[in-house]
Structure formats: structure tokens, C-alpha cells
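Input: a single structure, listed below in C-alpha cells.
Note that the chains are named A, B, C, D, E and F in the order they appear, and that numbering of residues resets to 1 at the start of each chain.
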Amino acid sequence: MVLTTLVLLPFVAAMILSLYARAGRVAQMVIAGGASAVGLGLLLVAAPTVLAGTPLSAQLTWVPALGLHASLWLDPLGLLFAGLILGIGLLVVVYAHGYLAKGEATGRFLSFLMLFQGAMIGIALSANVLLLLVFWELTSLSSFLLIGFWRDRPEARQGARMALAVTGGGGLALIAGMLLLGRAAGSYELATILARADIVQASPLYPAILILTLLGAFTKSAQFPFHFWLPHAMAAPTPVSAYLHSATMVKAGVFLLARLWPVLSSTDLWFYLVASTGLVTMLFGAAVALFRNDLKAILAYSTISQLGLMVMLLGFGTPAAATAAVFHILNHAAFKAALFMNVGIVDHETGTRDIRRLGGLAALMPITATLGTLAAASMAGLPPLGGFISKEMMFDQSTHAVLAGQSWLVPILTTLAAVLSVAYALRYAIGLLFGRTHVGEAGTRHDPGIAMLAPSVVLVVIAIALGLIPMTIAGPLVAAATGSVVGGRSPDLHLALWHGLNPAFGLSAVAVGAGALVLWRRAPVADWLATRSAPDAKRMFDAAMRSAFDRTRRVSGVVHAAALQRYLFVLFAVAIVFATGATLTSGGVYTGSRPRIPASAVAIVAWLGLIVATAAVVIVQRHRYLALLFLGVVGLVIALAFVHLSAPDLALTQIAVEVVTILLMLLALNMLPKSPPTLSSIPRRARDALLGGVAGVGTGWLAWAVMTRPAVAAVSAFHWANSYAGTGGRNVVNVTLVDFRAFDTLGEIIVLGIAGLAIYALLEPAVRVRIPRSNMPHSPDRHPMMLATAARALLPLALLVGLHIFLRGHNAPGGGFVAALVFSIAIFMQYLASGFGSTSERRRDYDHALIAVGILIATATGLGSLVFDAPFLSSSFGYVHLPLIGEVEMATATLFDAGVASVVVGAVMMILAQLGHLTQRVARIGAVSDEQAVP
Amino acid sequence: MTLADQLIIAPVVIPAVVAPLTLLAMLRQRGLAVGLSLAGCVAMLAAAVALFGLAQDGAIRSYAVGGWPAPFGIVLVLDRLSAAMLGLSSALALIVLLHATLTAADRKGRHFHSLFHFQLLGLNGAFLTGDLFNLFVFFEVLLIASYGLMLHGQGAARLKAAVGYVVVNVVGSALFLIALGVLYGVTGTLNMADLARRIAVSGAADEGMLRIAGVLLMTVFGLKAAIVPLHLWLPRTYVATMPVVAALFAILTKVGVYAMIRIVPLLFGKGAGALAWMPSPWLFPAAVITAVIGFAGVFVAQAMRKQAAFALVGSTGTLVLAVSCWTQATMAAALFYLVHATLAGAALFLVADVTMRRRGQYDDAAVPSPRFAGQQATGVLFLASSIAAVGLPPLSGFIGKLFILQTTATTSNWIILWATILGTTLIGVIGFARAGSILFWKASPNGADPIDSPNRSNADLIAPTILIGLLAALTIGAGWATAQAQATAAQIFAPQRYITAVLGSVPR
Amino acid sequence: MIEVALNIAAIAIALALLCNGWRLFRGPALGDRILALDTMVINVIALILLIGMIGGSSTYFEAALVLAMVGFVSTVAYCKLLLRGNIVE
Amino acid sequence: MIDAFAYLVAGLILLGAAFLLLGSWGLVRLPSTMERLHGPTMATTLGVGSLVLASMLHTRLQSGTWSTHELLILLFLFITTPVSANMIAKVHLHRQRMADIIEPAGIAGEPPNPGNGDWATFEAPRPSIATSTADLKRLPGD
Amino acid sequence: MIRLLLPHPALSATLLIVWLLLANSVTGGDLVLGAMVSLILPKVTAPFWPDRPRLRFGGALVAFLAVVLFDIVVANFHVARVILIRRDRDLRARWLVIPIELTTPEAITVLAATISLTPGTVSSDVSADGRALLVHALDVEDETTEIARIKRRYEARLLRIFA
Amino acid sequence: MSLEFLIASAIAVLTAGGVYLSLRGRTFQVVLGLTLLSHAVNLFLFATGRLVVDRPPLYARGVTDHADPLPQALVLTAIVIAFGMTALAVILSLRSFIESGSDHVDGLADPDRGEGEP
């Protein structure tokens, strides 16, 4: 409960803050600070128990399938971290209240800050590595938001993106690492994992686990060469820098190393990777820090260096080194947060952060200067401050470390780093606070209000206390936390300023002396460096990013260009390649044993007609009237084939559909440009022809293979047997359509209905007509007399035929669909012959209604069977004996078919009428030129 | 038959009644039509939830349309998979419809509501049917409705893109029919369960043809799912259409994946002998490239809709990566991710819509603009939906990806798979961060007057917020959802139960 | 005997179709081609009648009937288009 | 009797086939569009007509029942063939008259003038011949 | 009342006959259904028959049909001979301009159709004023004789039918 | 020659023509191609019921030799659907042309005609 509250509290605060973004600043601060304070209070209450060796834990089942549980625990290490997060969080909130200007979006700022705080607490308290990952990535996200808080500044946006890219990327590696770790350990619960070091380290996955985990930790903790994002994260408001980018978030990597120390450390690989990375980072960061002029950059590089130090210590793999690391976490948090706040004050009051333009601030801001000096001293490792003790411990450990077989290497290098850190710390204190007075260009130039000062006072007091009375204020905590790091009781802990005259003290002294010396001789080196262009990681990162972006964009642009021809080519090619592959894999597609039917002369002639007509369509593709004529031949031959091959329904349908299609094309054709130029080159046409040829041969061969196989009529035999007996219909095809597979037909008419609607919509709006008119003048005879008269005579006859076809469909070729097409054609014939009547505007609403009502009739027929406790679309039929008339079959299927017919008439008429309407509009526009053209 | 038995037909019948009714109502009174449409959507969601509840007992229910038993008639099959898909599509539909109505996007044409319900009809039919030809029919229904919806609002760009979309899909349908023809020609049946049974006992002489039918089916499904290289149509189409329509289309690509999940384990699963898991050799590499191409598109996209479209491609790639392993465990992960990816993709489009309607001439282009009304709220929604889309915590995408990574860890390709998923996540993160920081942070010119927005209402924020809420709920309820996914996967990988449920236990 | 006649008739119609095809492809005038297609439809109607007689069934009758109606419509539509540049006005 | 009947059927079939072939042959053989227009009339009238008769008798011969629906095919063709021919002729005349399209005029040459005005293809018909339904709507008494 | 029920008796009768022909049988059911259809369809199509011609059924009509059928058969054989035997250069193709006295479009159309249905002549156009028919003849010796024949055999009878 | 060969080769030629035409750059050609392709597919689907001459699937007692009705029903459905799709494709091409002034499938301008969008 306590743990859950601890984790949820900041999130709740964040949510309240974001929902009440317009609340007063004080109220917002109270909410944010209150959440931190309450958390801190809870932590203090829990501390005694935890430090006594009984971790708190809470288990909440979340995703058992993944082994992802909301398992929380509070062990000493977690306590240390949570305390840091909440404590500094509280101070930062207070500080931010003073720091942020009145107009700033405090609510948004604090809600992001709380979001971050929650994520960090989550990391500290996670007892499940997958849960830890969740919070881990959340810190990257909230950091992104906070760095980009001043959204109008380009450096803020860039810094935020870079931080997200690097830390987020590292987080992804960490995901892989944790998953592998869980796999190797057999559990994602930390307690279990930590107990299985031997299993994990024996696993072949261990190197991968280690490297991936380190990628996560190193990116987050800004270890070389992933350090470059951190200085740019300084674009964030200073409270953020103090909180995230020095005291807490960047230490998440260190925390992770500490957390997994029992299971991952004490191997050579660990030592080499972790210790040397830390060492290099420590040196590198310190060296760069010395030559930066932006106060925040100096602190940022110093942070990199200090993080390197902690990583190196953890890398040593010894309990004592781990102790030093843990203690330094504490120290660094105190002095670095204080320093950042200090910089924030300076920036706030003077309007600049350039150390070259500042100096002698001690006179103007004595309190600020005092606090800064003390914090810097701790950073330099000067007694009697906490920094001194941890640096001593570090030196002590480094003398025991053997790198590359050389025992002197590590002490020398760490001393060098310490020298540099003394130098930059001194530079900060002397350059900024003392010496010649520069005061920047703006601001009030005096100590700020209590809100900005108090937090650093607290921190500096802690930093001093950590030096003077370390055992009292941090002893138990550090001991216990180290205990959790090393997985057992901590080594005898003795934190004190004075350890006697040992090598460590010697190195410390050397470092201070040499550091002062270096600072004194710094200027020439700085001048020399200024003339050199050192490789800049940010610039490299940006260049790499930009180049990746440009290249990807170019490639993606080319690949995804609007090119239907390419889409189709790829589609055909994929189908062909896969089908060919499938054939090869299976050894072929074979001719079967079914006896073939000899072809008659008529069949051969018809076939010839089809082949030639198809070829002609392809050849005359650009001459549209001709192409349509030849297409008509193709349709005719296919209809004939259906007649010959025992498919009267198909023949009927084919004939009726063909003519509607042709009418449609004729209507549309008139408005398309005539004989457009050829588009594709000869090689392209050859390529397409080849593709077409292969597709054709393949499909033909497949058809051949099917047709020559003995028939498998398992399902349709049932249809044959049950058609008359079960539905009263003799036309099995029709019965299949309206009964066995009526569901298909329902879908099919819906397709047609939708096509009608879609086409209606396409032609509905006042289309801006700009159609090139043909040169050929038209005949003035709009409605040829013979045609008009004959069409009128044909109308009732055609309707009669349609009705006949509809009624007999169940037993003989025909049915609702064909009947409807006949109706439509008959009506359309009137338009063709006599033009639109004055009702044509209104009849489009009828077409809508026909479609809608048709679908409703078909569906309602289907639903009718539900009343009789039968499934949807169950048919029913019977024979009614009527006087005079005799036996009459009544089948629900007929009603269904009526629905079909209604939809088809509606859709077809809608399409044709709507298109006719458009051509009329076009004609009206062209009418004037027509009259002129005809002599 | 009990009412519960009859309920299976509801997801098809409700839109089949509502769509024509709204069409009729629209001729008279617009308000009535909109009311009908919304009510229909709610009813459908209710039916879907009820069916989902029904499927919880693990039984597979078969509904013989017209009373004709399988394999002779068409059957609908309710199992965990179809129930989940129905629930997903109904929920998404209601949210999208709400958004369309609230933002008056539905007023851009007369048929929006009818087309919308026809679209749902096609989707639901496709999810429920147990007959392969019927699946084709419902594919056509959902396609042609999608053409209509895609054109909603019209405009030159939309028309041009629609030509490509329609033509490609018409060709896809042709391939589908050829595959169906081969299957019928060889086995004499179209019922999926019956096909499974017959393929399992088919001889070597038929192997080549069945294999061809299989790859053609996979090509068609791959086209619908937009798997590389068959994805080329998608970005153009989804960018050209109205974002609210594209949001609904988020589920269209999933229909392709659904069909694969439905067909492969059943027809070409472990029982298929030489044909077992036939599509896997090429599906995996295609999925890898799809994920990469998709997120690379997210990385470089210059507008929100384009980014959303590519995110959809990328997420499909991720999804198919998991699917293509064809194990029960990975399938569970895939199913969870499928639900997530659909909602997240839709959220991206809705947020793009919100942005467009507030940003005036700046549209959704990733260029700096003056401040606009509701920029912060929109920004938060964008943040949330992009987090979901790339799969960062705390939203369900992260859990989905973890699930996939975890379950694929024991497959032979796990290194490529993991590298792909994690690498593309990073690319996606960078892309969204770039776009978001330009769109919602950068103001240009600095201090310019805010964009004058004629519409002061914040109603357009409701639907995307609900979607994000659903994603959050999916995260919080991930334990339940993953358990559902596992149970569903278990059902999918026990095809014999499906066959028995449809055809009865006695082999005919 | 009827069978022989039917076979001869089938071959005659096949030849007639070839003639139509030749004119259709040859043109030269567009009117010739339309006429050829129209005649082809008439021949196909006859062929369907013939097939009906060969099979001894009236199953195909409607196909011929619809073809008679529909062939006319498409012929007329072509002509109307050529005359008026528009078929519905 | 049956035999004679069968002979009649066979004869009709052959007659029909012959005229179908002849009609199509005319289409190939005759020199220009206007002449070719005469071929299909034969195919429709005596060609299809004989076959329809044959079919009706054939049904009678086979099943003993009268089949009449074949007559409808003939009815349809009789209504439509003249109109098709008329329309094709109009197309021919129209395209011949247009300067940029050269279609051979045929043996009969250019059509003579009707005396008063011109042919409908060349000149808009007088409103006295009401043909469009749009016009009809305005007629009184409806 | 009758007019309301049977707006177009001739059409209804025709439809009933056609329906029975279609049905290929004359049962009670066919008759009833046919009657229903032939009552409904004329009403449905009424807008397309605004000024239907008055027709006289009877001897004139029968005679006309008989003459036409006879002429068709004869003309078929004539044209067959022309196609088979006549060389192109001997072909006497002519344009005939037939002045007509029929006035209604229906009557003119029937005349034109009749001309077209007899092989050897094709009605190609109507004059804009509806007073002349343009007929293409495949093979005629004398134009005037042919025009007179057409007017005598067909138009005269039609004038009586369409009174 | 067998009927099977005629049908198979017809399918082959229709497919080849359909594929070739649908790969052209003009909407009208593409529509032609789709029409040919749909003919090919319909014939293919029909052929899967095997070829049977003169035995239409009209039920009569005792008849066992008949064409397979199921593929015919499927083809009918396919024809109707293809018709709807073709109609839509035609109108869409037309509308796209009206809107963009180009009948190119991607709405690209024709350089030599001076139409379309810049």
C-alpha cells in the first residue's frame, strides 16, 4: 500500500496539475511539492524497517502472460534512490517557484516534473525488471517533454529530440537485455534474478545480456561515447537540469548497474566493459568541462565525468568500490543539484551563463556565492566536504584495480581525472564568484528570494554534513544500500574525513595541487583549443541523422511515388513468382485423367473469334470505339460458350451484364479524350507483354490441370439432390443463389447497391466540366423517329419478358438478377431513344429507395425465418391450390429474389441515369458550339 | 434455436438493416438518419459484446445460414477470434462514427452513414464466415464500401488516389477468385473446415495446385494487409482520404492479417502434411521489410496523415512478424498487438484530423505554424497516440511489443526479429518526436497571431480521447487481454476443434 | 436426318460467324463494323436456337430472347454515340 | 407422316442456315456499307424465321407439345432489325457528310434531297414529329 | 371505368398473347397471371404512350401482314440471287426518295420497318419535315416503279389501318 | 482439339491481354484490361466445375449426369460483383479526368496536350 502510494502519488499529482493547468501558481506548487513531501514522509516512516533489513514489498498481478507484474519493493538501495528523488524533487519544486517567470506555464512544467518523479520512483521501487523497463522509458519521455519545455527555442527542441533518441534507443537495448536476462534467469522478478547469478553468468546469453543492459545504462548515464546528449539537455529550464540531468535521471543508469550488480558483476567482461567505460568517461568529461565557458555546459560535462566515476567504481566489482559508488551518488546529488541551482540563480539574475562575461559575483550576491563555493569545493573533493570522502574512497579503490595487467594505469588515470575536476571546480568558484567583477548584461544582480535560495541552502548543508558527520546522517543508509548492491551485508563501513596517511590521501593532495596548477596554466591550452575544431559529437549525430533522413526520404519517395502501373506490376509479379515457386516446390502441376471433349467446328470458330477479338482489343486499345466493339465480341463468345457448356443462367447473365457494361463505357467514353498518345516506351511494353504472357500461360495451364482432373462434386451433389426436394426449385443454380448460398447473394446485391451509391456520389456534385470537345459536329437528330417509336413499342414487351424471367427463375434459367437487368435495359432504352423525361430528376430518389428497399426486403425475408425458430435466410415453400389457376408454388426465395431485383434495378438505373445526366450537363455546355459547327 | 444462437447473425443483420434505413431516412430527414446510424452502431457493439461473452466458454459455435448444414450451405462461425475481431471493429466503428458526427465530417456527402454501415457489414461478415467464397463476397462488400467512404468529400487528390486503390483491389479480387477456383476444382468444397479436412488427405498430385492456391490467397491477404511489396497503394490512399475515414480503415489492413490467421493454421496448418505452414518462408522476410519500410516512412513523413499511414504499415509489419512464426505463443502476442495497433493507428488519424481542422491552411503538414486553438490538448493527444503507435510505455503498444519479443525469443529468427522490432521502434520514436516537436512546439513566425479557427468547439477532442482511454484500458487490463489472446491462440492452434464444431465429429 | 441438317446448319452458321468476324476486323467504315457485330448477334441467336434443337431442350430460349433485345440496344447506343456524341439526352 | 414432318424440319433448318450464311456472305461480299446493310435482313427474316419455325416443329416432333415462345424471338427481331439498319444508315450518312471523315459513298452515291428541307440526320426534325418523352410531357390531354 | 381499367386494350391484348406465347402453355394460372400482367403493364408504361394511334384491326391488318410476309420471302430469294450472282459493277443500287402521306410517327415507322424487312430495301432516314422516306435499294431497275410499288402495297394499306 | 484446350487457351489469352492492358497508363485501357481479366477469371471459375456439354443443371428426377451447379452460381456472383466494380472504376476514371484534366491513371498531366495540373 505504501509502495503503491509512493509510485502513484506523483502521477496523480501530474494528472491534477495537467487538468487544472490554469490554477494559481502557488496552488500548483503546493500540489507538486505536497506530493513530494508526502512521499518523502512515507519513505521516512518506512525507512527504519527497511534499514533494519526487512524490505517492504507489494505484489500486484498485472500481466501474468508476460511475467510482467506490478511488483514493488523497497530495499535500502531503492530507499536511497527514492529519497534522493523525492527530496531533491521537493527542493526543485520550491526552487522552480522562484525560477519560473510569471507568464510561464507552471502547471504544465510541474506536471511534467511530477510525471518524471513518478517514473523515477517506479525505477527505484520496481521489483520486476519488465516493470522497471516501463518506468525507464517513461523517464526518457518525461525528460523529452521537460527539455523541450521552452518549445519555441530550437535548441530546446533539438536537445529534447536528441536526448530521446539516445536514451530511448538505449532503453530499447535494455528491453532486449532484460528479456534475455529474464529468459536466462527464468523469471522477471528481481529477487529471483538476483539470486541466480551463477545461472545467468553461465548462460551463453550472458554477454548479450550484459552488453544490452550496459547500452541502456550507459546511454542513460551519459557514458562515453553516448554522453553527447547531456550537454544539449541543458536547454531545459535549470530546475530540470538540476533535477533530471544531474541528481536523479542520469543516475538511473548507475542505479541499474548497482541493482544488477549481484547478478551481472564479478566477471572479467563486466570489469573491462564497465570499469574502462567509466574511467574513460570520467577523464573525458573532466577534460571537456575544463574548457567550456557556459556554466551549464561545465556542469554538464562535470556530471558526465562524475557519472563515469560512479560507473567505474561499480565496474571494479568489489564491495568496497560499490560502497564508494553509493556514497558518491549521495554526494554528487547534493553538490551538483546545488551547483545547478546556483547557475540558475546567476542566469536568472544576470541574464547570462557565459563564465567569461561573469565574475566577482560574491560582492553582489554573497549568499549565492557562498553556497556556490561550498558546493564547488565538494565537487573538487576538498575537505571537509562529502566529496572529499568519496574521492578518497575512489582513490583507495583505484589503487587496487588492475587494468590491462597494469596496476599503475588506473590510479594514474583517476588522479589525472581528479586533477582536472579540481581545476574545473576551482574555475567555477574563482571565475564566477570571485576575481574581477563582470555582471552580465541584465537582471537585478542581487541574491534572489528565499524560494530560490532555500533549496540550495539545504543541499549545501547536506553536502557539508556528509563530510563532517557522514556516519551520522548517511552511515546506516549507505551501509544498507551497499548491502543491497553487493547482495548481502555491506562491508564494514567507515565513513570519515580522515583515514590516515594512505596512498589515497596522497593522490588527493596531488590532485588538489595539480588541479590548481592546471587551472593557472589553462588559458594557453584553451586558446590553442579554440583554434582547433575538435570532433563534435552533436554535429556528428546531427549529420548522421540528417543524412539518414535525406536518404530515407529519397528512397521512400521513389518507392512510394504515385504509380498505379508499378503497384499492379508488383502485384502481378508477386503472384507469378510465388505461384511459380509453389509449382517448383511441389514438382509441378499435372494434367489429369478426365476424358476430354472434342471440339466442334462452331466451337473452334467461336474460340478463334475470341482469341482474335482479345488480340484486337489489345492492339486497338487506343481507338476506343473499336476496342469496345471487339470487347463486345469477346462477351458474345463467352455467352455462347456458357450456352454450349450447359450454363444457361450464366449465358443470360453474361449477355445482360455485357450490354450494361458497354452502355456504361459508351456513356463515359464520350467524355474521355479521344485517342490519347501512347505513354510507355517499347521496352516497357515488351516487359509488360512478357508479364502478361507468363500470367496467361500460368493461368491457362492451371485451368487445364483443373479441367482434366476427375470432378469432385461432393458438395454440389447435395445441392442437386436437395434442390427440388428441399426448396421446390428445379434450377439448381438459382436455388443455390437464392437458397443454399443466399448469403452470398445478399452480399452481392449489397455490393451492387453500394456501387450505385458510390457512383451517385461521384457524379452528384456540380462537376466542373472541362472536357475537350471533339472536332466532329453532331447530327441534329436527337431522337431518331424509328428508334423512338420502336423503343416505346418494345418497353412493355421487354418488361413482360423481364417479369417472365423473374417468375420462372426458380425452375428455369432466369431469376431476379437477370430480370432486373432486363427491366433496366428496357427503361434505359427509353432514355436512349427519347431522352430524359421531366421526371428524371425525381427518379434518382426512387433509385435510392429501390436499393434500400431491396436490401431491406432481402434481409427481412431472411429475418422472417427467425420467427419460425429457423436460422437466418431459411427458406420455406409450399404449393397452394387456387381455383381456376391450379397449383401455385409459393416460396420465400421468390421474395428474396424480389429484393435482389429491386436493388439491381435501383443500382443500374442510378448508374446509367446519373451518368446520362452528366453527359447532358456536358452537352448543354457544348450546345452553342454544336449549333455553330453544323452548316 | 435460442436467442443466443441467433445472435451470431446480428453483426451482419444489424448493418444490413441500418444501412438501407439510413439511406431512406437521409432522403427525408438528416437527423433521423444520423440517430439511426448511431443507434445501429451501439446495437452492434452490444451484440459484439454479447457474442464475446458467449465465446468465453471456449466452445466454437457454428451457425448454418439458411439451415443448410456445412459444408453444403454457408456457415458462420463464432469462436474467440471472430468474437474478438467483432468487438474490436464495433468499438472502433462507434468511436469513429461519433467523431464523424461530432465534427460534421459526415455531412460532406449524402451516403456517409449508409456506406459506413455497409463497411461494417463487410467487416463483420468477413470475421464471421466459415466459407471461403463467402469471405470473398464480404471482402468485396467491405472493399466497395471502402471505395465509397474513401471518396467521401471528394477532391482531385482523393479521386486520383482512388483510381489506384480501386484498380489494385479489383486485380486482387481476381487473384482471390482464381485461388478459390483452384481450391474448388481440387477439393470440390468451399467450406473452410471441409477444405481443411480435404487438404489434409489430398494426394501428391494435387499438392502443386493447392500450393498455388495457398500462395495466391496469401498474396491477396498480403495486399489487403499492405505487406511489402504489396503495400504501395496504402500510403497514398490513406493520406488522400478523410482522416476520419482512414481511422476506420485502420481495421481494413487487419482484415488481411485476420484472414491469414484464420486460413493458414486451419488449411495449411500442422495437419496439412507437405503443405504445412506453407507461407512462412516468405512471410517472415516480407514482414521484416514491412516493419522497416513502415517506420522509415514514419521517420521521414512530412505530414501527420502520411506518418499515420506509414505507422499503420509499420505496425502491420510488426504484427505479421509475430504471425509469421506460426506458434501458439507468438499468435497470442500477435493478437494482442493486433488490437492495440488498430486502435493506435485510428488514434493517429483522428488526431491528424483534429489538427487539420484547427490549423487552417497549414493542414497537417509538419511545418511550423502560428499557434492554434487547442494546440496543447492536441499535442497531448498526439503524444499519447504516437507513444502508442511506436510502442513505448506506458500504453499497450509496449506490452504488445514485449509480448511479441518474449514469445519469439525461442524462434530461430529471433535475433533478426528483435533487431527489427527494437530498431523500428527507435526510428519511429525519432520520427514522431521530430514531427510532434515541429507541429506542436515550434511556432512560426514567433509571436504571430494565432490561427483564427471558426470552430471554437472542442467536440473533436472527444473521440480521440476515448481511443486513448481505450488504449490505457488495454494497458491496465493487459493481464485479462493477454489471457484472452492466449486462449484465442490456443483455439486457433487446435483446428480440429473448429473442424469438428463446423462439420460434426463424424467425418463425412 | 434432322441431325445431319443440324450439323450442316451449325457449320453454315460457323462460316457466317467467320464472315461477320472478317467484316468486323476489316471495316473499313465504323458502320460496317457495327453492322458486322449486329449480324453476329443475329447469328448467335440462330446458333442458340440450333443448340436448343440439338439438345432437345428449350433451356436456352431466354438467352436468345434477351440477346435479341440487348444486341439491339448496344447497336443503337453505338450509333447514337456516333451521331450525337452522347447517348442519353 | 412423321417422316414428312422430319423432312420439313430438316428442310427448314437448312433453309434458315443457308440464308443466315448468305446474309453474312453479303456482308463480306458487297462493295460498301449501304449495300452491306441488306445482308442481315435476310438473316433475320428467312434465316432466323425458318429456324424458329423448325424449332417449333422440332419440339412438336420430339415431345408432342407445341412450343410457341420461339415466335417472340422473331417478333423482337422484326421490331429491332429495321431500327438497327436505320441507325447504321444514319451513321453512315452522317459520317459521309462530315468533311473530315471519308467513307466511301457506295454505288448509289450521295442521297438525293427530299425536296423540302433536308433529311433528319442533317437537319433537326420539325416539332410536328414528337419523339422525345420530354416533348410528350407537354402535350395536352395527358 | 373501362378506360381506367383498360387504358390501352390493344396493348393489353397483345401483352396477354405474348405472355401466353412466352409461357408456352395456356393453363388457368398462365391466363390469370397473364391477365394481371397485361392489365398492370399498360398502366405502368402509360407515360410512354401519350397519344397512341388509333388502330383498325380487321381485314386490312391481316391483308397487310400477309402481303408483307409474302414479299419478304420473295425478296429474300431475289436478294440471294443478287448476292450470289451479280457482279459489283452490275449492281443497280439506288437511293429512293419516297414521299409519304402517313402522318403519325407510329405509322411512318411501321412503313419504314416494313420496307427494311423486305430484303433489298433499307429505310435510311426520314426527312426533317416527316414527308419523305429515304430508302436505299440494292438492286432496282426503275426507281419510280419501285416507289410506286411500295406506296401501293404498303402505304395504302397502312393508311387504312392507321385511320 | 478438345474443348478443354479451347477454354484453357482462351483463359490464357484473356489473362495475358488483361494483364497487359491493365499495366497501361490510361484509365480507359486499364478498364479494358480489368474487363478482360474478369472474363478470364469468370471462365476460370466456371471451368473448375469441369466442362459438360448439353446437361444444364436443371433438376429432373433420375438425372445424374449434369453440369456442376455450384461454380455456375459462384460465377454469377462474381459477374455481378465484377460489374459493380467495373462500373465504379469507369465512373471514377471519368470523374478523375474531369477533375484533373488528365486520363492518366495517376492523374499526371500530359506534357503534349497541355492539360492537367502543373
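Rule of thumb we're sticking to: a contact is a pair of C-beta atoms (placed from the backbone, for glycine too) under 8 Å apart; a residue touches a chain by one contact, two chains touch by 3 or more.
These numbers come from a predicted model, not from an experiment.
Counting steps between touching chains, the shortest path from chain A to chain F takes 1. The chains in contact with chain D and with chain F alike are A, C. Chain pair with the larger contact count among A-B and A-C is A-B, by C-beta pairs in contact. Ranked by how far their CA centres sit from the centre of chain C, the chains are topped by A. Per-chain CA centroids place chain C at a distance of 21 Å from chain F.
With centres defined as mean CA coordinates, chain D is found 57 Å away from chain B. Between chain A and chain D the centroid-to-centroid distance comes to 68 Å (mean Cα coordinates, whole Å).
Centre-to-centre spacing of chain B and chain E amounts to 62 Å, using the average Cα coordinate of each chain. Among the residues of chain D, those touching two or more other chains are numbered 25, 37, 39, 44, 67, 69, 72, 75-76, 79-83, 86-87, 89-90, 92, 94, 120-125, 129, 131, 133, 136-137. Each of the following residues of chain C touches two or more other chains: 13, 15, 17, 30, 34, 51, 58-59, 65, 69, 71, 76, 80, 82-83.
In chain A, the residues that touch at least two other chains are 562-564, 568, 572, 604, 644, 648, 669, 699, 702, 706-707, 709, 711, 713, 715-716, 719, 740-741, 744, 748, 751, 754-755, 758, 762, 776, 779, 781-782, 784-790, 794, 797, 801, 812-813, 830, 833-837, 915.
Across the assembly, chains come into contact as A-B, A-C, A-D, A-E, A-F, B-F, C-D, C-F, D-E. Touching chain A in their complex are the following residues of chain E: 11, 15, 18-19, 22-23, 27-29, 31-33, 37, 41-42, 44-45, 47-49, 105-106, 108-109, 112-113, 123, 126, 130. The touching residues of chain C, counted against chain F in their complex, run 51, 54-55, 57, 59.
Contact residues on chain F toward chain B in their complex (touch as defined above): 22, 27, 30, 34, 37-38, 40-41, 44-45, 47-49, 70-71, 74, 77-78, 81-82, 84-86, 88-89, 92-93, 95-96, 99-100, 105-107, 117.
Taken together, the chain D residues at the contact with chain A in this complex read 72, 75-76, 79-80, 82-83, 86-87, 90, 94, 98, 100-101, 120-125, 129, 131-134, 136-137. Those residues of chain D that touch chain E in the shared complex are 19, 22, 25-26, 29-31, 34-35, 37-39, 41-42, 44-46, 65-69, 71-72, 75, 78-79, 81-83, 85-86, 89-90, 92-93, 106-109, 111-126, 128-131, 133, 136-137, 139, 141-142.
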